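As structure tokens, here come the structures.
Each of the next two complexes has subunit A plus one more chain, namely subunit B in the first and subunit C in the second.
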Partner chain A sequence: MLNYTLRRLLAVVPTLLLLIVVSFYLMRLAPGGPFTSERPLPPAVMQNVLERYGMDEPLHVQLWTYIKNIVCCFDFGPSFSQKDRSVNDVIAQGFPVTLTYGFWSAVFVLVCGVPLGIIAALRHNSFWDYTMTGLAIFSQIFPNFVLAPIMVLLFTLSWGLLPGGGWNGGQWQYVIMPAVALGTSYMAGVARLTRGSMLEVLNAPYIRTARAKGLPERTIILRHALKPALLPTLTYMGPVFVYMITGSVFIDIFFSTGGIGQDFIDGAYARDYSILLGLAVLYAMLTFVLTLLLDLLYAWIDPKVRSQL
Partner chain B sequence: MSQSSKRLMSRQFAEDAAEEMITSRSFWADARGRFLRNRMAVVSIFMLLGLVLFALFGHAFAAWSYEEIDWAVLGKVKTEGGPSWENGHYFGVDDLGRDLFARVVQGSQTSLMVGFVAGPLSVMLGATIGALAGYYGGKFDQMVMGLYTIWISIPYIIFFVVWQAFFGRSLTQMILVIIIVNWTAGLLIVRGQVMLLKNREFVDAARMLGMSDAAILFKHLLPNILWVIVIYTSLTIPEVIMAESLVSFLGVGIQEPNTSWGALISEGARTMTFGTLWQLAFPAAFFVIAQVSLYYIGDGLRDALDPKDR
Partner chain C sequence: MNRRSMLLATLLSSTLMVQAFAADVPEGTTLAEEQTFTYRVLDEFSSFDPQVVEDVNGSEVVRDLFEGLYNQDAAGNIIPGVALSHSVSEDNTVYTFRLREDAKWSDGRPVTAGDFVYAWQRAVDPELASPYAWYMELMSIENGAEIIAGDLPNTDLGVFAPDDYTLRVELSQPLPYFDKMVSHATTFPAPRWAIEEHGSAWTRPGNMVSNGAYVLTEHVPKERSVRERNAMYWDDENTVLDRVVTLVIGDDAQALTRWRAGEVDKTEIPAGQYPTLKEEFPDEAYALPRLCNYYFTFNLDSGPEAFQDVRVRQALSYALDRDVIVNAVLQGGQFPAYTFTPGATAGFEIPRVDYAGMTQAERDAKARELLAEAGYGEGGEPLSFTYLYNTSEAHQQVAIVASQMWKQKLGVAVTLENQEWKVFLENRGAQNFEMARGAWCGDYNEASTFLDLLTTPSGYNDGQYSNARVDALMAAAKSSQDTMPLYTEVEQILADEMPVIPVYHYSTNMMLNAAIQGWPVDNVEQTWYSKDLFKVAE
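Moving on, here comes the complex of A and B:
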């Protein structure tokens, strides 16, 4: 197990390096830059600015410095567009916000999606089952950028129940709508997945055996069927959590939460390479770490997988 | 001779049998029958057709062009810009006093174009690479899979920004960058199918007959995985439309005055606090109709084609 973990962690290093190199060259070779504007700076000033950010050196030297700083001090360099702030500052300020409602969104996805799927499977082809299928289709058709305006329209403009944006230090009223708008489509995905695997498990011979020896239905479901039925859901949740955090760009902008997605889009507009690259690396690391954690969790739950490690 | 064997030997029976063999249905004819029996899917085809006709010929019915500003309502959009038959703004006007009907027609053109061009092309690209990786395996396969893992961890907004810095924001460039971002669509599933099929006897037999790799791939493997590709394409088209809408919503999409469903929804969402709800309602309705019908068409295709469901 330890061996496996180390091997996986080692495999992350070259992947991350390649990601940095590819993104770095992609962005630097594009015409224009963070300091080009309608009225060009005088050449002497431009020279000073470039020197200040180390951009007067050849590209590969800059790349080397960049990677060296990340490796030695976890330093993503200064931001080009936000004066006197480093990328680390930007991440430190925005990331906790995104992480907070991302976490609550994941909780919402699991707490609503899993029971919905189980109920739909247990009451196969009943009212609940059809409601669930309807909900799944609904959430696939209303992506968050359609759902969020409708929610604001109802809960803020019509009924005045919840604030339509802002963060206010993460007070619960401000977290609800971003979390729900972000999670709805994934919640339906989880529900559908749980329903499918639960149906499959319920048809398995060992469940028939459990029924035959007269176990109460509750014991059958909670002790025997639930664990194997949740395995596919678990694998699904890993990438989903990352998608929820990276895909939250829209939520950050629409609800003005001040999360990391806002910086990402601002960085894209201002050609702030250091912010874009820093966030790309952060997202990638998050992806790798989470998938690894999930694989380990998977091995811990499923003995068949464990023996293959 | 017994009665039944006499019947079997009869000329009539032979003719009937031959007739039946001639009219025996192929896999695709079978699937077509199953698809047509799915009522939601058929209705959805007609809804989608309606949308396409709307996008193609809608401008003929519009009283205004999509970039013309109606100075008579500008500044009074909230009170006089709503949908009305009298002044020719059937869907009302947008925030800048432009006719929303014409803009929705134009937006539908963009979104449908992106979906139906970029969707199938990216699946084709992904399927080709996936099939080659699955068929040849080894170093090439490892390289493709490595690239795949890196690719899916790069936030795709970077590509849109960089691409636009190089090539601008025209429709063609949008379609190109979407294909490039989505080259992984269908890759894994086709690769898996090819890996499964390439060890089957009929492929061995073809190889022993001296067929080239290309001939095996196209003549023997492609017909066997075509159903996967068809299903995957039907799933990718709405996804691509949604992706385009999302980047347009974020403001890195198509260039003004051209527009798309996403861009229109974004404008509508921004102005809904002022009470101009029609600016959100009409584009959102078109977007939702497209997604609903594409969803049911995809569902019908899966039911008709997937051998597991039969």
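Moving on, here comes the complex of A and C:
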């Protein structure tokens, strides 16, 4: 397993390099640059600005400097649009925000979705099952950009219970709506997936054997059925979790959380190449690390997978 | 100092002295217990460094944190800031400012002329590479352009401190509105010691030393910033608001919701919602004239052949019913425009241009006549072109309405094309368009900020209009004491030659909590200072 992990980690380096090189050139294909503005800068001023950011050099030299600075000093360069700050500053400020509400959103998805799915499976074709399935479909057809304004209208405007946005250092009142709005449709997905796979597992021969042995129902479900039933949920949650903690553009803009999702969209509009590239590298690294963790988790749950590593 | 400039100096100092401005709380007003003003901004600020900041919202914060030579009053006139008065040499090229001696930085040091010299040298320094170096160039300070180009050291800039409270500025050419330009953020003083100690991190709370009515106490980029009263400010005793908070809210509708919930005191009104909001909140919805214009520009360089014919350009302009656009489409208190310069501009009276005085029916008839004469439209060659604008719902509405007017009245076929902002700027700047949207907000409150755009050397003249007479008139205006006749003639030429079609002059639409008082509603640049505001008990 250790060998496998090392191999996977080694593969990260060339992939990241490729990502940087391709994104570096792709971004510059978009018309306009970071200093294109309504009032075109006089040539002398433009020249000074380009020199200051090293953008007067040929592209491959800029790329080389960029990679060199990352390797030597983990320095992702200055931001062009937030002039007093570096990309490192921007990510260090925004990522914890996104991570916080993304984490709580994932917790919400699992804590609500899994039990709902299990209950529905255990009470198959009963009132509870129909209610759960109805609820799941209902929340799945409500994308977050519909749900969020409705939540704000109710919880902020009508009842005055929660603030309509902001972050305020991550106080719980400010985290609830972003986390729930981000997670609801995934929660519904998890509930349906869990229900389906739980039903399948409950009909498996080894569960019948366990029942025949006279094991208590609780032991059968918690010890024998739950683990395999969660596998599809896990597969589903892996990429969803990466998406959640890397920030939703909509949630960040709508709730003004200050997370990195907003930097991504602002960076694109402002042609802030260094912010965009820095975020792309961050996203890629997170994806690598989390999928690796997920694969290891699989191996832990499923002996079949373990033997293949 | 000769007699004339002495007289001028006395006049200026006397007018300036009387109007020292602070929160003007009427007798008997009950102030709110908590003097906090919270307002919404759309984006994170570009910077809090006076010499670096380039966005409007950032400048608002910088104006609270720092104080320049002059401030603006509620009507947009200049009033004393750190400078009490100034005198001008006879040839209008040397300005000498007398600074107040009680101005202090937030760390207690006195604000001296040297702090201005340092700041202005910094603004043109190629090493700082401030995009707003162009503003210093515009101010025509001696050697400014050469320093920016890297030909001279920044210590050669024509700004001097003969003593701690006298600032002398030498200009390379006379500039009648120079004194108006020193209320701009780029010209604010800078604390050398703090900048040298902290580098670019000097603008963070805790590091920043500032000389304005407020100091920065908290800044969470993309979320909030907080500024609180500066006890060292010379006029702190007349300041009322204790705390000013900005919240970054990227979504207009959400910002309005949070205004309704009382989370912010001020926000912009989403496009098209002014009439309903005005009805619902008559005392809190505002539409104020603003120093910005909106126009269509012809590509006279590589555009369609038909645009070379002045009759075609006039016909398209005449057929545009501006009243419909302003009153039925935009509905936000905008003004129909027949001249390039907004009527709200200081010292500018909208000159009488012929087509403004006609009724729309007369204009329509004239338009048909002109187009037929030029050999286009019904019975002639069909006229078609593409109109390019930057992606936005409001611009789209204007484009659709305008193209329909041209189609119905003149039989002109217009294809509409929209592009993302920077793509649009790139294409318009490279003359990759036939007709394009244009808009401009004044950098300072004087007609030349608009009319200069249509001179041959202007970097913003994307339609490539060139008229030697316009260039000469605008050059003469730089040093003239009586500019209005010159500007009137320029506007007349523009109305005759129609290189651009003026559409409307902007208004500022905002929701402002009725408890917040002292807002400078008459200031067309919307230059406001938190120190002039106060909150009354509800």
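Everything below uses one rule, namely that the second predicted complex is superposed on the first by the 307 of 309 C-alpha atoms of A that agree within 3 Å, B and C clash if a C-alpha of one lies under 4 Å from a C-alpha of the other, contacts with A are read in each partner's own complex, and residues count from 1 in each chain.
Basically, contacts are C-beta pairs under 8 Å (C-beta built on N, C-alpha and C of every residue); 3 or more make two chains touch, one makes a residue touch a chain.
Please read all numbers here as calculations on a predicted model, not as lab measurements.
Enquirer: According to the stated criteria, A:Q93 is in contact with first (subunit B), second (subunit C), both, or neither; which is it?
Expert: Second partner only.
Enquirer: When the two structures are overlaid on chain A, which partner does A:A30 contact: first (subunit B), second (subunit C), both, or neither?
Expert: both
Enquirer: After superposition on the shared chain, which partner residues are touched by A:I251: those of subunit B (first), subunit C (second), both, or neither?
Expert: After superposition on chain A, A:I251 lies in contact with neither partner.
Enquirer: If you stack the two complexes on chain A, which partner ends up touching A:R271: first (subunit B), second (subunit C), both, or neither?
Expert: both
Enquirer: Contacts for A:V201 in the overlay, against subunit B (first) and subunit C (second): which applies, first, second, both or neither?
Expert: neither
Enquirer: First (subunit B), second (subunit C), both or neither: which does A:F142 touch?
Expert: After superposing on A, A:F142 lies in contact with subunit B but is clear of subunit C.
Enquirer: Identify the partner contact of A:L157: answer first if only subunit B is touched, second if only subunit C is, both if each is, neither if none is.
Expert: Both partners.
Enquirer: According to the stated criteria, A:Q82 is in contact with first (subunit B), second (subunit C), both, or neither; which is it?
Expert: Only subunit C; A:Q82 stays clear of subunit B.
Enquirer: Kindly list the residues of subunit A that each of subunit B and subunit C touches, one partner per complex.
Expert: The answer is residues 30-32, 149, 152-153, 157, 164, 253-254, 269, 271 of subunit A.
Enquirer: Mind listing the subunit A positions that touch subunit B in their complex?
Expert: Against subunit B, subunit A makes touches at 15, 18-19, 22-23, 26-27, 30-32, 137, 140-143, 145-146, 148-150, 152-153, 157, 164, 246, 249-250, 253-254, 264-265, 268-269, 271, 276, 279-280, 283-284, 287-288.
Enquirer: Within their complex, state which residues of subunit C touch subunit A.
Expert: Spelled out, the residues of subunit C in touch with subunit A are 43-49, 52, 54, 126-131, 133-134, 137, 145, 148-150, 200-201, 203-204, 220-224, 247-251, 253-254, 257-258, 260-261, 263, 420-423, 425-427, 429, 440, 459-460.
Enquirer: In their complex, what parts of subunit A are in touch with subunit C?
Expert: For subunit A paired with subunit C, touching residues are 30-33, 35-42, 44-45, 48-49, 51-52, 81-85, 90, 93-94, 149, 152-153, 156-157, 160, 163-168, 252-259, 262-263, 266, 269, 271.
Enquirer: Per the contact definition, I'd like the list of subunit B residues that touch subunit A in the complex.
Expert: Result: residues 146, 149-150, 153-155, 157-162, 165-166, 242, 245-246, 249-252, 262, 265-266, 268-269, 272-273, 277, 280, 284, 287-288, 291-292, 295 of subunit B touch subunit A.
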